[in-house]
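There are two complexes below, and they share subunit A, which is joined by subunit B in the first and by subunit C in the second.
Then we have the complex of A and B:
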């Protein structure tokens, strides 16, 4: 493996993403956890950018770093949550968790290596947002509409739930 | 590597800093004139060095960190707020030759990065451990999130007309008619939402002095406070530039007056928007918090959606369709 700028950028971004995730688990205050998560989201956007998926990267920042992280921060701040989380996990529990996670990782890697790559890896560089839009609204229009209906239902559901609590 | 790649952003930062210094000065002057006062006129000739003196004062001040604050977050919050405000300038084309990147989805990039600033403001308000700053941060975040939606929706009309998210292509599409004419509804929605995004009067609820002392930066002093103020004014720079690019034809000359260089046209239109912001601040009273939210969700968003529909329909009409 040759060391070029792309490799260095990928290395930094992946360390940032994994670091954010590790910190998210290790922090004791919930606000710090949410921020670490936002940092991970941002790093993942950088990795997308490296794969020439500019649209996906920007949407990742807009939705995950912007909207979802702020929503979480809001929820945490509005609910009184000043006490720190004490870790009350028994040692055997930690070992058990490790075994479970390791097994899951093994299964995941096995599946990834077993699955044959069906098509040739496409060249991402010439891929424009125009083509993306055309694909979504012609080939994949039904899944797209289904997803939007799902979101609409969730939105209406949230409004109904909020109305109920008002009474 | 192109040496302009290194010098360009530094030059831009200097220009932006100069703009911020004199924007604050002229804001005080214009509001002074509007209220029949003189405005700052003591430091330097005609008061020209007033802001410089203010900034120097902030630099020399002690950087107070409250005892019970979350120290790390308190320290990094101004940085989280400021960095995106400067980063969004990367995609704005100032003229056909002065630009930094030709990003294919420049418009979305602007919208996405500017949302990171909200995290900085929210964290700054929370980590101060002060109820006023927490309220201010919350208000600010709630306001910026709800106004981001009409802001994005109002520019969809332009994206539909141009068929591109690239800001350079958007300017080039305005060679004949600026988008302020065919997209007037979108322009009004965009302008209102933009003022609200900037947390400026009449939407300056997060900083309502009479209720909240000063909003999310109550506990900040010295240079960190200056950073929050800088963020606000850099966003003003960015938003005025974006409005110019999207609706006022960017660097295109009106009425065929092409003997004036494009960058001058850009600056003139840009300054017009900035002046409009000052003017509005001197004229309008502040809205109430509940009015603000209702206005965004029940008035601006439906109008923005209607604008999208209207653009789609008018695009198909034979004669008018050429302008959309």
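Then we have the complex of A and C:
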């Protein structure tokens, strides 16, 4: 694999993404975990930029690094978390989970590297927001409307669930 | 760049998320790890949108829908968590033993 600017950018972005995720698993304070995960989401937006998905990169930053991180911070602050997270799961549980996930990861990587790559990458010619909007509002208009109904139902449901019950 | 690099990155992120879901006790962190797994799937969609046998914008559109669903899911998850917290005074997932309030 030749070393070019695209490879260097991908390398830095993926190290940032994986580093953020690993730190999220290893930090003990919940707020630090939230910030590490926001960092990972930001790096994934960079990966989208590299894949000619500029609109998705902006959406990723707006929704994930912005909205969902803040929502999770609210969730953390409205529930009382012990300052240091107790790591009181049984050791055999952690070891068993690690072995299972490692086996899953091994199978996944084996499949990925076994599969032959036959197609040439597209250069993203003509993949503009205009074309994306045309596709969404013609071909995918029914899923789009369903998504709006789903968001409305989720909004109402979240308000009803989180509302204080009157005694 | 070849598609396998993106698929490998996505597999690593998914595995980290899966490990977090299996071992963490705090329900907020479990929700976090689920978001991480959804993001890993989104990277696959966008990568195949560029590198697939028939490169097409459909992968981007599917990712848009996934992000929408994930946002709704996160909001509902936090709402359920707060409602549960009001009853059992804890945010640890293994303390939630009863569906009844």
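Heads up, the rule we're going with is that the second predicted complex is superposed on the first by the 139 of 167 C-alpha atoms of A that agree within 3 Å, B and C clash if a C-alpha of one lies under 4 Å from a C-alpha of the other, contacts with A are read in each partner's own complex, and residues count from 1 in each chain.
Simple rule for what comes next: a residue touches a chain if its C-beta (ideal position, glycine included) is under 8 Å from a C-beta of that chain, and two chains touch if they have at least 3 such contacts.
Owing to the predicted nature of the structure, the values given are computational and were not obtained by experimental measurement.
By the touch criterion defined above, A:58 reaches subunit B but does not reach subunit C. In the superposition on chain A, A:91 makes contact with neither subunit B nor subunit C.
Of the two partner chains, subunit C is the only one that A:100 touches; subunit B does not reach it. One of subunit B and subunit C touches more residues of subunit A, and that partner is C. When the shared chain is aligned, subunit B comes close enough to touch A:66, but subunit C does not.
Of the two partner chains placed by superposition, subunit B and subunit C are both touched by A:74. Of the two partner chains placed by the overlay, only subunit B lies in contact with A:31; subunit C stays clear of it. In the superposed model, A:130 makes contact with subunit B only, not with subunit C. The contact surfaces that subunit B and subunit C form on subunit A in the two complexes overlap at residues 55, 59, 67, 74, 78. Within the complex formed with subunit A, the residues of subunit B that make contact are 70, 73, 103-105, 108-109, 111-113, 115-116, 118-119, 122-123, 126, 134, 138, 141-142, 145, 163-165. Of all residues in subunit C, those touching subunit A in their complex are 1-9, 11-20, 22-26, 28-29, 31-33, 35-36, 39, 42-43, 46-47, 49-55, 57-58, 60-61, 63-65, 67-76, 78-83, 85-86, 89, 91.
Remark: subunit A residues 29, 31-32, 35, 38, 42, 54-55, 58-59, 61-62, 65-67, 69-70, 73-74, 77-78, 128-130 touch subunit B in the complex. Listed in rising order, the residues of subunit A touching subunit C in the complex are 1, 6-7, 10, 14, 17-18, 21-22, 24-25, 30, 33-34, 37, 40-41, 44, 47-48, 50-53, 55-56, 59-60, 63-64, 67-68, 71-72, 74-76, 78-81, 85-86, 88-89, 93-94, 97-98, 100-102, 104-105, 108-109, 112-113, 117-119, 121-122, 124, 127, 131-132, 135-136, 140, 143, 147, 150-151, 154-155, 157-159, 161-162, 164-165.
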